[in-house]
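Each in structure tokens, the structures are laid out below.
Next, two complexes with chain A in common: one pairs it with chain B, the other with chain C.
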Partner chain A sequence: MATLDLDWEEVRDQLRAWREDNTRHSEEVVDTWEHCLKHYKTKLGDERWMVEEQVFVAGLDCNRLDIADPCLMALNEQFPGSLRVRKLRAMRFEALEKFDEAMEVYDNIIRQDETNSTARKRKVAVLRGQGRITDAIKELTEYLKLFMSDSEAWQELCDLYLKEGDYSKAAFCMEELILSNPHNHLFHTRYAEIKYTQGGLDNMEIARSYFCQAAKLNPGNVRALYGLFMSCTQVLSSPKLSAQKKKETQQLATWALKEVSER
Partner chain B sequence: MSYRIYRAYLRVTEQEYTALPTDISVQGLLSLLLAMYGILHIAGDFKEIRANVQLQNKSWETVGNRPTFYTFAHRGRALSPNYVMPPSSSPQDMVETLPS
Partner chain C sequence: MASLSVVKRVRDGQHWGREHHCCGEVTLGPTHLTGTSVSPHPLQVKGPRMSADISLSCPALAKILLHAARYPQTAVSGVVLAPARSGGGGDTGTPSTVTLVDAVPLFHLNLSLAPMLEVALTQIEQWYKTEGLVIAGYYQANENIKDNVPDFVALKVAEKIAENNNDACLIMIDNSRLCLDLVVAPVIVSQLTSEGKWKSKDRSSVHVEAGALDVVSQLLQRRVQHDVCDFDNHLDDLTCDWANPQINKLLTTLSAAAQD
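Now for the complex of A and B:
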């Protein structure tokens, strides 16, 4: 890739968009940094440190320590005693699989600052990286007792329970998320999918209603429409259903299938 | 400010207060219009009121991304040029290195 092909301002704007959008584009970040933005570090101004942090995490993600280490050194020079930079150093230990050292650093950070939520969350990530899912769940539930409204943590807890196969607790986590973000069709879809996986007539009916809600919030969500069709057919196949409900469900299923074929 | 000065002036000269003089009201109106114009240009684009419209085009990848919980122990590591295959212990793994 040619060095001067990309306009460094465009790259900077793209990185900023990815930062704000909260998406994971680690390979692209590393590539554009290496081939373009690295040479214009000094022109970035105040934004430079946020970009360095973003590139550092992307470098760790792609196992490119040759990219990540200079960023960490630059950040350390600029912010000598900072807890945030210490957290980044601990993340580097995690990437090198030195989990015990990483845990030590996080414990130090927490001892120094009791309110630091990111260090606690990283401890959960360390346990997850080691594959100790049950310990990670325990640590995360402790964290949620202190910081109840952290929706990212609830999402992570839901994911961990799904890994364990504990669908009822995962459904509870999704319920918390729906409570805090009732307009988000993706949460409704996921909750309905968990209920569908659990099976049984009651769960099927709940799944059907949540798929309906997701389709209402976003008519373009094909996953919700298809889920609606599947849950309707499942409900129809159950023996104990009144005739009127059967007719309604059948109509719903045909409508959902028509919508899916139109998209 | 100029309104206060005007009223003080009227009180001093014992004139009746009927209405604001034209220049002060014109001044006020012009500054309002100028402020509105300036704010509209600085504030940026309007955002849609309905909360669910923003989410229409977002996938689970974006919304479900949790940057504070990133783990680095995934298969993407193997794609980097720095990747070193871990030393294997079983004879099956040696099959790949057989010359054929």
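Now for the complex of A and C:
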């Protein structure tokens, strides 16, 4: 990787973009920091601390404690006693698989600040990291009773239920998400996929209508188009369908397939 | 584009509705993925060749491990391909080796959802039929590094594949053994016994193509995993080819170079 040729300002902008999108590029963050931005950290101004935090988390992700530890020390010096930095210290425990210590720190943070949502969510992450999915689900449902508009949490809960194979509860989570974000085609698609997987004529018809909606919201959504085609085919194979509905469904299926092949 | 032409081909035949099968009948709907029991119920398998050895070719192993390495934070899944058996199923002749010649990475998001899985399996089956290959197994890497036990999704999909292919295998990636310098293939291969349970095979009956471990280690060190496309990537961007011909080409170049 020719990171030495990169302009430090470009790297800084790239890191900022990734921070804003909240996407995971841990390897690249660590690489660009190590080979380039580290030497210009004093030029970053106020942004330096967010970059240090970002590099710290990326370092933990890649098992590069040699990169992560100096960042943590710098942050600790700059913000002594900060709960945000304490959370990072707990994440370091998690990376070292010292889950009990991590949980203790999170509990401390919550005791000091009841409204701190990130510490509560990290607890769920710890449980998931240990493979204790049912405990993670319990913890997350408790969290959602307090912070019920947290979309990220509902998505995580849906994911956990899918891991357990509890499709009906996963569908419920998606319903909550659709209620609060009715224009998000991805939520409609995911909900339709869950309904399809549950099977049965009713669920299949629901799946078909949600795939339809997703395709309407975003005509480029290939999953929605394929899903529409599949759910139509499934509905068509049911014996209880009236002739007129059959014809409509068949038309829908043909249209969906045509849309996909045109892309 | 590969898969689009598959869709076109099938669309021309009006019997898509009936011929909507993948490895037989794929409707992976309610009774399959949402069965209440996690362990598989005994299947009536026609004479499974439990004694057949499995051989992993370099492309198959490479794609499996690169796919897992690309998404270290989530579970990944895919299928493996083998040449179609000419004699049909059920023959109890002398056991021979099943060579897994290639693999197709499928998903890294929501492995347990049926619709895209059905689309993928159908397309793959159609696409590779022309090359005389069939879907011969399913691989999965779990999310957690210490977890290499097949979950309900892996069991159900593998069962489905086994219904149409006696030699079907279930490959779980041994996450903790995946590293940059492979000494042993980090996979656990299982096949169905006559009682319908998945039993993992001895290391001695799982072979890896000579030199494959070195080649794959090299690829991992060079971070080639970022070039691997799975079906999820394809659904997000139709120009991504899930057959990954560029990986096959790279492997041919590397093994040619090694022979010089």
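One rule holds in what follows: the second predicted complex is superposed on the first by the 259 of 263 C-alpha atoms of A that agree within 3 Å, B and C clash if a C-alpha of one lies under 4 Å from a C-alpha of the other, contacts with A are read in each partner's own complex, and residues count from 1 in each chain.
Just so it is clear, contacts are C-beta pairs under 8 Å (C-beta built on N, C-alpha and C of every residue); 3 or more make two chains touch, one makes a residue touch a chain.
Note that the coordinates shown come from a computational prediction; the quantities given were computed from them, not determined experimentally.
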| item | value |
| --- | --- |
| Partner chain in contact with A:G129 - chain B first, chain C second, else both or neither | both |
| Touching partner for A:S237 - first (chain B), second (chain C), both, neither | second |
| First (chain B), second (chain C), both or neither touched by A:E193 | second |
| Touched partner set for A:E94, first chain B, second chain C, both or neither | first |
| Contacts of A:R24 with chain B and chain C, given as first, second, both or neither | both |
| Partner chain in contact with A:T115 - chain B first, chain C second, else both or neither | neither |
| Contacts of A:N184 with chain B and chain C, given as first, second, both or neither | first |
| Touching both chain C and chain B, counted on chain A across the two superposed complexes | 24, 27, 61, 129, 190 |
| Complex contacts: residues of chain A adjacent to chain B | 21-24, 26-27, 57, 60-66, 91, 94-95, 97, 118, 121-122, 124-125, 128-130, 152, 155-156, 183-186, 190, 217-218, 220 |
| Partner chain A, residues of chain B touching it in the complex | 51-52, 55-56, 58-73, 76-83 |
| Touching residues on chain C, where the partner in the complex is chain A | 4, 7-8, 11, 16-17, 20, 27-31, 33-34, 38, 73, 110, 112-116, 118-119, 144, 146-147, 151-153, 223, 235-236, 238 |
| List of chain A residues in touch with chain C within their complex | 24, 27, 61, 129, 131, 159, 162-163, 165, 167, 190, 192-194, 196-200, 207, 222-223, 226-227, 230-231, 233-234, 236-237, 257-258, 260-261, 263 |
